[in-house]
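Take a look at the structures listed below.
Both of the next two complexes hold subunit A, though its partner changes from subunit B to subunit C.
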Partner chain A sequence: MLTARYIADDKLMPWLLSLAETRQVLAPVRQGGQTLFAPLDADSQLDLEGLADASAKAALLPRCETLLEFHYSKGEGVPSRTELEVRETLPDRDAFLFGARPCDAKGFTVFDRVYDGGSRRDIYYCTRRDKTIVAALACTDPADTCFCNRVGGGPGDTDGSDILFTPVEGGYVIEPVTERGEAFLAEQPLVEAEGRLEEARQVRKDVAESMPGGDPLGGAQGEVLRLFDDQEFWGGVAAKCLSCGACSYLCPTCYCFNMTDEINGDDGVRVRTWDNCMSFQFTLEGSGHNPRNGKAQRMRNRIGHKFSYYPELHDGNLACVGCGRCIVHCPVSMDVRAIVAQARDRALAKQEHAND
Partner chain B sequence: MTSTDASNLYLPDMGTIQEVIEETANIKTFRITLNNPDAMRNFRFEPGQVGQLSVFGVGESTFVINSTPTRMDYLQFSVMRVGELTEKLHKLRPGDQVGVRAPLGNSFPYKEMRGKDIVFVGGGIGMAPLRTLLLYMLDNRDDYGKITLLYGARSPFDMAFSYELPDWLEREDMTTELTVDNGTPDWPHHVGLIPNVLKEMAPSAENAFAVTCGPPIMIKFTIEALHTLGFKDEQIITTLEKRMKCGVGICGRCNIGTKYVCKDGPVFTNKQLKELPNEL
Partner chain C sequence: MASSIDDLKTEIKKALPGLDMVIAWAAGPDPLSHTPLFITEEADVERIEWDPRCSQNLAGYLPGLRGKKVGIVVKGCDARSLVELLQEKLIDREDVTIFGLHCTGAVDARAARKALGSLRGGLESVSVNGGTASFSMSGEPRTLPLAEVLQKKCFTCTGADAEVCDHFIGEHGEPPRVTETPATTLEELEAMSMEERLHFWEDQMSRCIRCYACRSACPLCVCQDHCAAQSREPHWVDQTDHPREKLMFQAIHALHTAGRCTECGECERACPMGLPIMTLKQALNRSIQDLFDYRAGTDPDQAPPLFEFREEEKNIKEREW
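Our next item is the complex of A and B:
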């Protein structure tokens, strides 16, 4: 393995800008009072304090992306429009995602299992994944709303990353995680970390130990499912939900999408956009029937998917990485940790009651 | 022409509408061939599988391939006009281009059904998925026992596949009964709701499978009727409808708990449905 590298604080931005000459560099920058992942340029105001407001998922699954382009033309001598040309528009740009937090990077592993599932390969996502180096930045100051340690992660974890940056006195220690990350680093004009590796490890260890504990939220598959028909529970949980969808749009593991066509004259595109299971329209059928008519059913699906259905299908891995964005940004302060804990308590209480 | 990358799940094959059949006031049947002769020759599907039809500029929607794999001259889709895409599809004519992403989803357990009596109960556009299985079985007639079809629609004018009904009624190797909610003076068949007619017909549940498809309310009462006739949940097969987009289990729209209607369905036995979380 390539030895670790080091970069001093004041060299970071110039290095990122030099990278940006040949590939897109996405990094957390200040924009209109928020910190969001955006293409970096010389005017960008890099913000590496805490967690960005939105997750980094748009780097691999853009909010809106063109899948196909099409063009109608008049057939020879036929007045109706019958000739049609359709072209796929695959991503072709190399990218460097800098400053994703370990939870954001782990979110990509949640995507990988679905979008790169053997015979079912989403070529748009997979191409972007192949062309993007994910450089995570270990956390040094987790927020009260962070709970990566309760969902199988940690503030210095490397799941889903190619490279890990760890803040140390005066700069960052940079360690390769994957072969791709290693090959990338080998080409960079960065100095060796020399004796600083131990310091980086200590930083990560201290931060991990400083995080408040709490029951792990995994292994609740059965409990959540057992409450499926418990209208009272889900009704209570969802009572104040506004169905605004902020929780899923900001979540690094929510990956549902819609596909729609846009046409202008003879030319058009088929685009894919993020979608959101908290919305009434998501499952509305032609007959007017809606299997998730109420917000209680939609909340049940969101929590159920993250903590029960997804883990059931994917070896117990949760579809929540504990970033806490849904807690921070929910206008009515829903707390996903509390919902799962309540679900478990309720299911256990019911179980005991049934056993009495 | 299409730039074809077989590994792109979302890139449809281009197809040409060969024939449009006006079935009823709001159902049209489209016979489509893929433009690429190799793709057409190599196209394989099983009865019950679906496809996404694209009208570029409007979008995609899911329809059952209701032709049979035993006759591959074209792929047939019957489409009820209900909204934006189906409205546009209904305006297309022979020669027009559409996109086809197929086959998707699972199929009827036609192999396990061999040697059994088969009872088909179809309502309205729900006859479409039954047609593919029925034709398949008629083309492999010796593999199956008694074949009974009960097909119902609102009125005689709402019966799709009317050009095939005389054959189905006359054939000696199957029993066909038709019913409508509202008859006309010259309507020679049943008048009455499907589940009631089914109970009158009283097909035997012994060594049999029932396949039913139609509006949710019809399915519900048909299953009740089948139960009274002695059919067990594992002998009753139906197809589910959910709003679908990707059709391959990624977009996350069509799940019921851990099952995705687009890849684990649309075909389920009533036994499987009862094991699913209650979110139909």
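Our next item is the complex of A and C:
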């Protein structure tokens, strides 16, 4: 039985701080003019106004994660022999991710299909996922660049969350989404929501209805793929792109990584760091050849992966949750929505032309 | 401004037949910043926008388009980047057609978004008049003190008119002036001890996500795809998330642009984490000014000081040490 609960505005921070005594609490806080997810402490300035500037993905997929540590030493008695000692480093901390937006939480489902994909389980990701309770916060004031509703989501959705907070007059209604969300809440000193549940539903409904419409961006797998060799199209789209990593690194669904050994003297770490397909190094081969040698091919991959290759492999689910961060923070204001719409128009026009 | 934009469109239409493309700005998906527009057909000219939201420095595209005949629209600071690119022979003067404008100041999109709140109704116009910025939202004018929404680089603008150009459009004028200029990060840092400064940068760099937008947006970062930051061999910077490594990259960028950086502000504007990284370049530029009496991007015929060798520098009395 899943029970909704309620917390008053002024009780929220003390409650989160009490949680922080036994586990890491990650929440959107003000940091140097930005709102970013960071471990909460008594000095933190919680910011629940809008969408955080960076996504919450680092909670499950850190920017840089140590996969293992190693140490070289001279073999005993045999000076020419080098011994190598390797230590496993698995995540061991329980965490509570608070204030992720529904799009952020949905982003985790994109990761789940890849890192927890049945036969292929990434132990680092899965351990973190198991140890982290995801508490999403329903949106009440979507930004002009939000489009979750065009990619299969919504400002009050629960995909990927264990718990959903909905702002109501004077506080928040807290609804468990998963069994583990319920189990977690059952141990908390929270009052039952009683009559407030209907109010929360109404808030979510009003916000969802207030969002501007627009064509859904799903179902374009075929169209995007058909443009694979259309250099002119991708060249035109990517002309202004700077080939940086801002879009991918802020994106709650981009999950590509690189692995390197970083060695200092006899000690080293194997780290996994974020990588992104807009970078020249991404597909640079050892021979020096790069199959994606220009920004047009890189842009084709970014759009193709999100709107064609990923949904093709994963039952039509897109690898974009419509948070709009790549639009707001792109130094040249690239618009992912417009690119997909253009791709679709172009592919349809080409097809009609072929039928002429 | 309305007349400037019409004149600009007319001039571009006239020049377009002799050019491969013209780079200008168009309305973007975000109501607070416009976006680069690559014009190849006359019909595209109508999409041109010109107001304080034209923040991108389009000069950075030119080295990558070398060999083509390109028209480009520039503000005062963008023109200084052009001068630097010409000085360094990274672009060819005869291939570039420059449309220069007088700039009234560029709006800092992040600051404005914070000050204005929801923009779901869109913005019809943005303008700067004297010490205020006006935003017209669904017919409702909102004014804000200019100092609150102006890009930081504009407070120290040394000339808002494009000084090199083939076609100057509109009236000449002064850089934006605000009555109270907020202290720059450089001034704040200068008041700190070395230890405090290190602490400051450690804190800032802890937020760096290593997206390298700062580098990609810099019109003078010429290595781009072959950046030292991503080279494994030699291994200048490691890939761990340590602020030390990230600051190391900023040091590389600052040293690679020492005496070349025109303070166009793109690195800082592009940084999605809002890190005050132009400060490092400003500090080096102050030293270059003291040592060589030189400011980057002012004279196309001068060579940048670190591009030249003199046995005896005027202000570095090495033999007297």
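What to note about this one:
The rule is short, and it goes like this: the second predicted complex is superposed on the first by the 354 of 356 C-alpha atoms of A that agree within 3 Å, B and C clash if a C-alpha of one lies under 4 Å from a C-alpha of the other, contacts with A are read in each partner's own complex, and residues count from 1 in each chain.
Simple rule for what comes next: a residue touches a chain if its C-beta (ideal position, glycine included) is under 8 Å from a C-beta of that chain, and two chains touch if they have at least 3 such contacts.
Model, not experiment: these values are computed from the prediction.
Room for both subunit B and subunit C is found when the two structures are superposed via subunit A, with no clash between them.
Of the two partner chains placed by superposition, only subunit B is touched by A:85; subunit C is not.
Contacts of A:282 after superposition on the shared chain: subunit B is touched, whereas subunit C is not. In the superposed pair of complexes, A:304 makes contact with subunit B only, with no contact to subunit C.
Look at A:271: by the touch rule set out above, it reaches subunit C but stays clear of subunit B.
Once the two complexes are overlaid on the shared chain, A:229 sits against subunit B while remaining clear of subunit C.
Once chain A of one complex is fitted onto chain A of the other, the partner contacts of A:116 are absent, as it touches neither subunit B nor subunit C. Of the two partner chains, both subunit B and subunit C are touched by A:260.
Legend: residue contacts after superposition of the two complexes on their common chain; A:292 is shown touching subunit B, with no touch to subunit C.
After superposing the two complexes on their shared chain, the closest approach between C-alpha atoms of subunit B and subunit C is 7 Å.
Residues 258, 260 of subunit A lie at the contact with subunit B in one complex and at the contact with subunit C in the other. Listing the residues of subunit A that touch subunit B in their complex gives 67-68, 70, 72, 75, 78, 80, 82-88, 90, 114-115, 117, 120-124, 225, 228-229, 255-261, 263, 268, 270, 272, 275, 277, 282-287, 289, 291-292, 297, 301, 304-305, 308-309, 312-313. Remark: subunit B residues 1-3, 5, 7-12, 14, 54, 56-60, 82-83, 93, 95-97, 99, 215-216, 241-243, 245-246, 248-253, 255-258, 277-280 touch subunit A in the complex. By the touch criterion stated above, subunit A contacts subunit C in their complex at residues 31-34, 36, 53-54, 62-64, 141-145, 212, 236, 239-240, 242-246, 248-250, 258, 260, 262, 269, 271, 273-274, 276, 279-281, 327-329, 331-335, 337-338.
Partner subunit A is touched in their complex by these residues of subunit C: 28-31, 33-36, 38, 56, 60-61, 110, 118-120, 122, 203-204, 207, 209-213, 215-217, 224-226, 230, 232, 238-241, 266, 269-270, 272-275.
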